[in-house]
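Listed after this line are the structures, all set down as structure tokens.
First chain A sits with chain B, and in the next complex the same chain sits with chain C.
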Partner chain A sequence: MSFVSLEILIGSAGYRRIEPRIVNFHNNIAPLLFPNLMPGDRLGLTHSCSIDHRRSLYEPVTLGTILSEALSHCIGEKNDIDMCIVDLSSNPFISVREPLLLVLVDWIVVECKKGRCNSFVVLLPGLPGERGVTTRQLNNLSQLLPDSRWDVILVAPSGETRAYSPSAHAVPNIRTQYFNLFKEAHDSADNRIKKKIVRRLGHFRTLYPREGRSKCRQYSFYLHDCAEEMGYMLSKWWEEKEGDCVGVLYDLKNNPSFRHVLRSFADARSLRAERITDVCQDPELAKELSRFGLFALVLDVLDSGTTLRQHIEDLSNLGIKLSKNVLVGINKSGHVDSACDEFRVNGFVSATREAEEEKCIQCQLGLAISDDAEDPYLKIRSYDMLSVALEHPWVSEPILEVPGHIGYGYDLIPDFTSILREHGRWLSYKIHRFLKEGNCPDDWFVVHPNEPDSSSITDSLQEWCNGALAVVRIPRPEITKTQEAGNDWDSVLSTAAEEDWVEQLNSLSDTGALIVDVFNASGSTARSLAALLRHMKIVPFGYFCLVNFAPGRDIGGVPNFALYDWYNPRKLKTKA
Partner chain B sequence: MGTSDTTSIHTDMQRASFGHNACLYLAGTIRADDIERRLGQYYGVGTGSGPLLLDFTDAEYIDIAALVNCIALMLHRYEAKQLTFFAHPAKKAVRDFLQVWRFPEAVSDAIGVPFSNFLLANDLHYLNEPQTTYTGRGDGIDALEYDPDWSPQSDSPRNFFEFLSFFKQDRQAISPEGQFLYAPRRVSRRWAEPSILEVLATHMSGDSPKEEIARILIFEAVSNAVRHPSARVIQVVSKFERKFHKKSPAHGSDTSHSEKGWATNKEALRICVWDDGESIDMTLRNALELGPIQAFPIPPFLCERIFVQLRDFEGNKKYEGVVDESDRLTSRSVHSARLLLMSLFPGVSRAISQRVPQVKPFEDPDETAPRKKLMEGHLAQITAPKPNLEAEGVGFEISYDGKPQLGKEIEKHSEKKNDINQISSYLASGPGMGLYALRRTVLDQFQGTLFIRSGRYRLIIEVAHDAFRKQYNVRYKCKITEYPKWIPSFRGNLLILQLPTLCARQ
Partner chain C sequence: MHLKYSSEHESENCRSIVYFLDRATSPQAETIVRDLCWRAKYVDPLNRAFVLAQTFHAFLPEHLRSLFPKDTLGLVDLPSTPQGKKEHKDLAIVTVIGPELKALLRILGKLPTAMADQKSGDYSYWFAKVARPNNTSLDIVLTVVAEQRNVPCALAVDHILADFDARLIMLIGIAGGVYGKVNLGDVVYALQVYDYEGCRLEMVKYLWFLHKLIKRPRPRFWNTSRRINVAMQQFDERQMRQILHESMRNVNPDELPSEWRDLEPKVHLGSVAAGEKLIADGSLKRMRWIVDDLIRAGTMEDSGFAQAAEHNKVEWCIFRGVSDFANPRKDDKWQATAALSASAAGITAAKMLL
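And then the complex of A and B:
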């Protein structure tokens, strides 16, 4: 007995090694559906295959070629296999276009006809409609494969299956097992949301209207791009804690996604959902609500507890009955769950409270107040850059990263390693926002020198992209060798043909690449990487760094963007 | 009056400046049809080159498709250097609807000049009028329609359903690359957000997965618009049309629907996707000049029979008959209405003629070939025996003189021979399946209606009801209206996807 598994990533350029957790996931699924198969029956370890967005839109049929190629790699010399898992479940459902699914079905037909495989398990992020085109095609497989035996099983993340087979192959109920395996293989919402909290720098202000005072903060926590996770966790919290409540009263001014999720959640369950502000300002509404049962309070953040106490006092005075359980997006008590007087507070994530400034320097400098809910800036403010730089030690530039044949290393620069350790998520959030707002071609990947600091940026960026970002790391010694050869990559590439990074670049022709680095001092690394990309027929569409010490300097004709421009170019050696 | 300065505010223009023949008086419930009917009258009595007032003073309710129609008309007239004015509704709730749906911004985005240029002097103050009708209170749809906590710095819109525009700053034609290639995903991703999915699941009828609205309907409609030649602007707007509020004790009282002007007789989610590009029939006709627009033989089980009725603007029947999707088009003199209908057929794409497909199956790769070569366009035309074609008089084929003819030029696959080997070679992947998947999802999955307004035609297609289905042995019925040449062609292409909501089905 034998089987293979192919993971397909849509909208990701290039390929990469399939992750062990996905391999395990596939190994565990095979025996669930085909009890004769064992994890050890798996043939070959394939790379994840990908089809970029352009092809998925214009040439969905490319997917067939990609699948055939991947299958050939997996089965090697063998003529046929017993089962093939095609895993599309890591993709957002919207990326799995109906024409792509049609290609997948056609590919299955072709493989059955070729006799390479007759049983296919297709793991999807959702099941297509029962009266849609793909389902119609699947329902009519007997017309396309009149003389063959076949089994096609579609599986949704919930474990729901849909089977197509002439032999009425009974599919065992795998709901619970599959759901658990899927959760294990794919990061859970609880874990994902923890990685999506960003500590932003800026000039934030907390108002205490009753006391007629305000306090400034340099930090603000923000939950970025996690509506799905919040929806899941809200639902879980409600089931566990608030089954008896008739509605929710909320103050979610600083979290637009959370308030949308909450309102639709309430609508679906016929729960009353009102803003606390409206209730307090509208006596008729308050009177009406006071006639109902318990209401749960939902806030975007629990800070000192002052706002929560005020809300509780105001609403209680209006005669509204409140549940003792309170849900908050970010609990700044330092713990996910805490107490505020007799109320139990549950948070999606925890954070530590930001210090409030007694005498705010930013106010003295006349700096504008930042919005807790939205970040209008793509770049870093000077105040933030300088305060970050001054909070951390200054070090000499690592000698291995200095292009010695071109210029001299810096005696002192901010310690980017420790800055990235503390602020990496915020900085990568900035980059992600910049890229998300359409400043990049549709299909792209990241290339950078294989150094710990730039790797930490791209690791963090990967998390924002839910893993669907190809990253190619170029060894620094190869960059240096090439720089010494006038950015001619021929000789390096001829000796490194078997290296992973070269294979990756070979698979990425016709896409666009973003060059990422921690800082730019003379543009030499960027020029060298741009030359490499052009050599590989890849368009370097941009160069992105945290700090540009040489703003305005040409980087091999590549448009460049830095989170901060700080004029301090590398001292260059004059040519003899 | 009568000058052609379309670039500045006309502070002297008042309602009284417009005579009966220079005014499109639109009162009560206004749908796109009402605007077109009035336009027919307007252009019927003159050249239409003088200033025109779109008078919404007595409007009680305006359908979003009517707004798109207005924008298309205003754009057409602006480019023809003809003055057009917009008179605001007297009713505050209707004005608030225009503001909350961002109609003024949509006009500016589409035409490239401020909305104020189209206003009468007395209406200019409406631009700064605060809206008071929408509070965001009520059910999930109310919450999506207006977010009272919204701030201008927000990434998300104040009203989920408001006009969303895509255009180049230099107002050049959109090409399907960069941010525009990204547009279908950007819009469909919004429709796949948990908050909208939950609202769709609560308010839409049927058990069809609601993700299909984002995955198929929005994605394919927008990606179709992005690819229309010469399109310089794409707009997406939607609305849940409701007759009455779903009264649940939990939802409490909200501004009444009559106050919001929800006087509509159809309860449905309506999604409009409009582009100002070349009309669909013209695009396909141009493609037809270069070669076939059908990629490959389609499996017979994917092809349906459609009862088609073609009428003129006055409602006179010009053709009635059944069209089979498996008919192969070989004639270049095919009627434009037929081409518009064919755009919804499986495997019809203008892209076919633009490339020479490699007729290869999903072959095993040549291990020595570079990957790039493998990725080059392997179209999914499986090495099929050439379909057995025989001429049959089916479908409608209308010559340019407007007289229906039996379709001698249309060939039909032989299904009767039941050549299973032949059928087994029909596969469904390849270009031209996007709009087909959209149609099937609107009509069969959601039991909805699909409207297309494009050039000189309007097409409405829906699933045929039982008696009709039996009588004609068809799955769908389609009505196409042909507009007379004296009415300017509709600017661009408008797809309206109408999906019934829970109330409508009960």
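And then the complex of A and C:
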């Protein structure tokens, strides 16, 4: 009995090999559901393919095409297989919507009719509603496939299964085993949220209104793009600690997304959710709430505990009964769980307190105050760039990265390796915002020189893209060779046809690509990569770098954007 | 690919770079100065001269630097030098009383209790950015006069224009409206300000033993620029209402009239009567019959505001939300709503005008 598995990541377009931990996961669950399977029965290569967020909403039919192509790719010349695992479990629940599932069911019908495969295991981030159209369609499969033998099994992360088959195929109880295997293969929400806390740089101000003073900080912690994780952890916390509470009182002014998550959570459970300031300012509301039972406090940040103590004092004076458990988004005590007087504080993530300055240099320089809740700038401020650049001694440019036939290398530039090591998450958060707010095409992927610094940018970017970002890494020696040959890629491609990066680019024809690099000095690497992409019939829709040392210089007609423009162009040997 | 808020102001960048120049080694300093010189060309001449002078000082030999420290050359505190701190802003907004300031802060996406970003003398300034449809943003500075009447308002205008180089200055606030011509919550855009206070008082003898006091009016009129009046003909009321309703959701319903959800305010283009009196006797309606049929609102600051703006040669305009009808039934119930309407109208107009 042979089987293949396809992992669908809803994100950017492109095919790539499934990560080994997911391959193991698929190999382990297949025999649980089909005991006849042997480990050696696995067939062909396993691919993960992606579909863009917007297309998943508006053109879900694309999924059918992607799955058919991926299946053909996997089974190769063999005409049929016995079982196919379609893994959608790595996606956020919200991305796997009903229209997309309907297209998946249609694809299953087509494949059964073609006779390529009869058994499908669909791993989902959550089972569809029992009264939903997908379930109705699955119940009608017998009418659509009257003469075939088929099995469709849906599996939720908890291990709960739902089977559809004309032969009443008995699905073994795999709850515990699947749950454990799933946990091993996928990052938990706790781990994912830890990777999504950003230490932003800026000019932040903490106000102490009761004491009539304020202090400035250079850093602010922020939970970016993790509504799904927060929702999961909030539910978990509620079930473990706060089952008896009748509502929540919150102060989430610095984290609007947490506010939305909390309000949806409260709506779903018919809980009262009120802003603490509203309660304190409205005696009628306070009087009304004091007649109810316990309320849980939810704050975005626990810093020194002053705000929490003030809230507790104010609310207690109003006669509101408070639970002893407090939930915070970021606990700056250095631990996830801590105590504040007799209250137990549970945090999503921990962080260390930022130093506050009485005499703020940024105030003396007249720099605008940054908002803890929102970052208005996509670019980096000079103050932040120079403060991170001067944290470490500067280094000379690696000789391998210098296009020697065009210009001279820099004697001294900031140590980007150290900058990326210490501020990589903040920089990737900036890039992620740029990608979200920029007008990217539907199908796109990232291409960059295969160098550690560029790879570290895309690796940290994967955290924000749920691992769905397709990345093609081009070896630097190949780029240098083509630069010397006037950006002619013919000879390089003819000798490297079997290389992974060429295969990836071949599979990505007719899509768009974003070229990413650490810094731009003369634009020669970008021009060379743009020439490669055009040669492969891929549109380079943008060039993005952390620092642009040659602002205003044309980069092969590709629109370019940098987090920081720093005028310091490479000294050229010939006219560029 | 287009982006919002692509960068902060270059003068802030230049000041930061100069600060780090002192902390860099000499090979680093050359790279940093190259960046500074490239940026300095985008800064106004005064700021440019200042940062370049500081850079020059950083490169002086050690013995000259110790002989002439920065403070003796006046190169320490740029914001305190009166000319140097004139920072560019697209729009300066003046409000008069607390509810007007709070409403404007709400419309600009800030908390109504937000602390001031900068203080200058007795005045406080709040900064904000507003996105425009073409994906650029408007730099806004706002202040509150905290005192009614024309002279305090004129002083505040003079102060803010001394501190900031604004392209347009706007007065946003509440006013008494002319009953029958405007509704509560509507907004009056001032085509002209009618200053009715000026008059000559005479005693006229009309019988051998009787004298009568006669007022001979000497009003003054201040007209808004034709450019703004032309642009206001295409004012988008729908957009104004959208901004208004979005911000109203965050307001405590007790501060708003019960019918706020159905509120569809209109913008009236008309004259504003400005004097030193808080009209609450219904005389505004009479003033309209006698002086100018276009009078739609009565205020206490607009004449001072217009004169100070004209004196500083800065374009100006006025948006007044109608909070009462300047008659004996006048109360505070509609103040917050009227201030929000006027603020929404002002911001909508700013996006169109700048």
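We adopt the following convention: the second predicted complex is superposed on the first by the 459 of 576 C-alpha atoms of A that agree within 3 Å, B and C clash if a C-alpha of one lies under 4 Å from a C-alpha of the other, contacts with A are read in each partner's own complex, and residues count from 1 in each chain.
Keep this in mind: a contact is a pair of C-beta atoms (placed from the backbone, for glycine too) under 8 Å apart; a residue touches a chain by one contact, two chains touch by 3 or more.
The structure displayed is predicted, hence computed values, not measured ones.
Once the two complexes are laid over each other on the shared chain, residue contacts for A:Cys117 go to neither chain B nor chain C. After overlaying the two complexes on the shared chain, residue contacts for A:Leu144 are found with chain B alone; chain C is out of touch. In the superposition on chain A, A:Leu505 makes contact with neither chain B nor chain C.
Legend: residue contacts after superposition of the two complexes on their common chain; A:Leu365 is shown touching chain C, with no touch to chain B. In the superposed model, B is the one of chain B and chain C that contacts more residues of chain A.
In the superposed model, A:Asp278 lies in contact with both chain B and chain C. Look at A:Phe561: by the touch rule set out above, it reaches chain C but stays clear of chain B. Of the two partner chains placed by superposition, chain B and chain C are both touched by A:Lys253. In the overlay built on the shared chain, the residue A:Leu469 is in contact with neither chain B nor chain C. Residue contacts after overlaying the shared chain place A:Ile457 against neither chain B nor chain C. Where the contact sets of chain A with chain B and with chain C meet, they give residues 253, 278, 376, 438.
Remark: chain C residues 1-9, 12-17, 19-20, 23-24, 27-28, 31-32, 34-35, 37-39, 77-79, 85, 87, 111, 113, 115, 117, 127, 129, 252, 254 touch chain A in the complex.
Here chain A touches chain C in the complex through residues 205, 207, 209, 214, 253, 278, 281-282, 361, 364-369, 376-379, 381-383, 386-387, 390, 394, 411-413, 434, 437-440, 541-542, 551, 559, 561, 566-568, going by the rule given at the top.
Considering their complex, residues 11, 53-55, 57-62, 64-69, 72, 92-99, 102-103, 105-107, 109-110, 113, 126-133, 136-137, 140, 143-146, 227-228, 230-231, 246-247, 252-253, 256-257, 259-261, 263-268, 270-275, 278, 285, 288, 371, 373-376, 438, 441-442, 506-507, 509-510, 537 of chain A touch chain B.
Listing the residues of chain B that touch chain A in their complex gives 135, 137, 139-141, 143-144, 147-151, 153-156, 176-179, 181-182, 184-186, 188-189, 191-199, 201-202, 208-209, 211-212, 214-216, 219-220, 223, 248, 250-253, 299-302, 346, 351, 361-365, 370-372, 374-375, 377-380, 382, 420, 423-424, 426-431, 433-434, 436-437, 440-441, 444-445.
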